[in-house]
């Protein structure tokens, strides 16, 4: 089941972000390898991404997003997706 | 080069939409087969889609979008995408 | 799996709405009896409702919403919901 | 009398939130058991909830919301609900 | 129980509004005399009003607003009000 | 001459608000007794009020609002009101 | 007493606007000569004006604006102004 | 003196647009040749342009924009530009 | 050449604003005496002004606004104005 | 390939901005000399610029923008541009 997710990152001034960013990168790789995060792009010019997630349930998606290391520093918006009748 | 595109369809009352919709479906299939329209989903509950396009230039994308049979009846918003450093 | 749905109705002037409204009411009753539409309230002062749907997948929700008799005359916005940790 | 309430939590950096969160959870349980808070869901991907409250008056609702332990750290929006004519 | 209501009127072109406006005026007078519509002002420069309603329940308010003769031609927004602690 | 005023309070963290709130309450009582602040309600669920002021001039209203003890911590929006033709 | 007013004109298609525009121009001249409409500018690139009105009361302003020949075809927004302490 | 201008075109249904579009194209060419319209781009996916104008005064810009053949069918927004200190 | 300018002031907590405000007042007086700042009003209820500037070029306006003592603490929006055909 | 970019600068209080601004100016000059930043203007009255970039790909643009010395302190919005059919 697909979801469209946009995440905007806002790191607070003074945060030592390096360890967090390393954890986030590792977690993102793990989630991509497991198949739940098939689409991930940077929005040009912004500290933000647009992603496609493929998960069995809403609860799974919330658990994945809310346990991302950068979750406390992101504004996230989720849009549920359905099969498009013209999709081949 | 990837672009995120959202299209919201607004058919005017009284339009005989059936032929147009058939053309749109055919054109969408053609574009997907050619590889330029790799992502296409319906937004749940709305007459709208969220798409990923993969085209060589901005001009190519505008030509593709503006020649869609439903173009006169769609509100379209394009967001340019870049490679995400955490993409595997 | 729960979803929050807001529907705003905009009937075009000149539409003979009575048959449509009767069909909508019948379909709403049917969906409520089947258990997929557990919450349904009128927004005070507006021709709109706020609803809770309980469906297995995003595709099910889109099929239900897009086949409502009033669908062509509604602006719909869907928000996916997850289990709240403080829910008893 | 039903109300739709959305609460978005924004904890200030440096706050020792644990005791507050425990109090909030306890108070939420108490309010649910008393029947005034029949609906409570997490918005997927956000530190926010969508709730249904069932209270006798506007004053009751404001007293309940404004005495929540997290009230100083939440943006709250209330929408009054009425009986829907298609509700079975 | 008080509610703040803003109503913006948009009469469709070609409507013979005179009878409707007479009915609206009569109904507004009746509701004011009954005590449920204690505040009614015109927004300067706009075909809109800001009102205070005093009704026992949300359902009463929706029934009053949705049976106004101009209801099909108004955009209405309701805000529930509570007793202010500094009100004397 | 009537004005609709909405005030949203945002106290900065760390402010010792108690003396300020006592002054605000006293000033609000004084203004209500003098007749210039005939309407004052709490917006349900928010640290905000909706008010009606009755003052001779715009300058009077600005002087009143800008000398409120909480003025530096409030977002205020003023809407000028006129007599409604249906007001009895 | 000064007010800032922005008026955006939207003439419906098919309207014979010439007589209306002549009346509006005559009325605008009359109001300027009387001193109540001291400021009047075109917003560059838009069919809109930004104006300053000088009237004794809110009711006077509403009567002036709502009796403009183009009133049914304008979106108007009024902002009340006060004396600025740095005005010389 | 430079101005940033965005124009969004909305042709009403039923308009015979071809003659108008030919006139618009001719006028745009003339204005570009005269040097007042140095920048002109299509917004990808939209029936809109982003332009740079170079004119001596605000009045000149308004006269140019409001005499474009498509002016009645465009939503135009103008942003005044100044020399940037880092411009080489 | 006229411009409409709105300035919203937001002084950061802890700033010793008194010297700055005195400088701003002196500079505003100077600019008014020179004729470039013919209109200056306080927005009722807000720490904001609406102004009319009369300057030869966009660059002049930017230089004036960006050298105001309060410039770092203001959100400024500029709208270019043209001669209105109904202005007498 | 052209892109429209708007950058709004927000320097945090307490930042020693001078070195950063010098680096930004140097980098902007370098990018302009290389031909990728052909358009650069100040938005009148704001600490913001409107720019035109000419780059081969989305990735190039993101790399350029995200490596600007002021990037952490800017809100950036990118709009992809295509050739306009009326461009001469």
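Should a chain be cited, it is by its letter among A, B, C, D, E, F, G, H, I and J, assigned in written order, with residues numbered from 1 in that chain.
Here is the rule we go by: a contact is a pair of C-beta atoms (placed from the backbone, for glycine too) under 8 Å apart; a residue touches a chain by one contact, two chains touch by 3 or more.
This one's a predicted model, so the numbers in the text were calculated from it and none came from an experiment.
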{"item": "Set of chains adjacent to chain F and to chain G", "value": "E, I"}
{"item": "Matching chain pair for H-I (criterion: over half of the contact pairs shared, by residue number), options G-I, A-D or F-G", "value": "F-G"}
{"item": "Distance between chain centroids, defined by C-alpha means - chain A, chain B (Å)", "value": "23"}
{"item": "Distance from chain H to chain A - Cα centre to Cα centre, in angstrom", "value": "39"}
{"item": "Between chain C and chain E, centroid-to-centroid distance (C-alpha), Å", "value": "27"}
{"item": "Inter-chain centre distance, chain D versus chain I - centres from mean C-alpha coordinates, in Å", "value": "43"}
{"item": "Junction residues of chain F - those touching two or more other chains", "value": "2-3, 42, 44, 58, 61-62, 78, 80-83"}
{"item": "Chain pairs in mutual contact under the definition given at the outset", "value": "A-B, A-C, A-D, A-J, B-C, B-H, B-J, C-D, C-E, D-E, D-F, E-F, E-G, F-G, F-I, G-H, G-I, H-I, H-J, I-J"}
{"item": "Residues on chain E engaged by chain C in the complex (per definition of touch)", "value": "3, 5, 12, 58, 61-62, 65-66, 76-78"}
{"item": "Sites on chain D touched by chain E in the complex", "value": "1-3, 57-59, 61-63, 78, 80-83"}
{"item": "Interface residues, chain B side, partner chain C - complex", "value": "13, 42, 44-47"}
{"item": "Touching residues (chain side chain D, partner chain C) in the complex", "value": "2, 4, 24-25, 28-29, 32-33, 39-44, 49-50, 52, 79-88"}
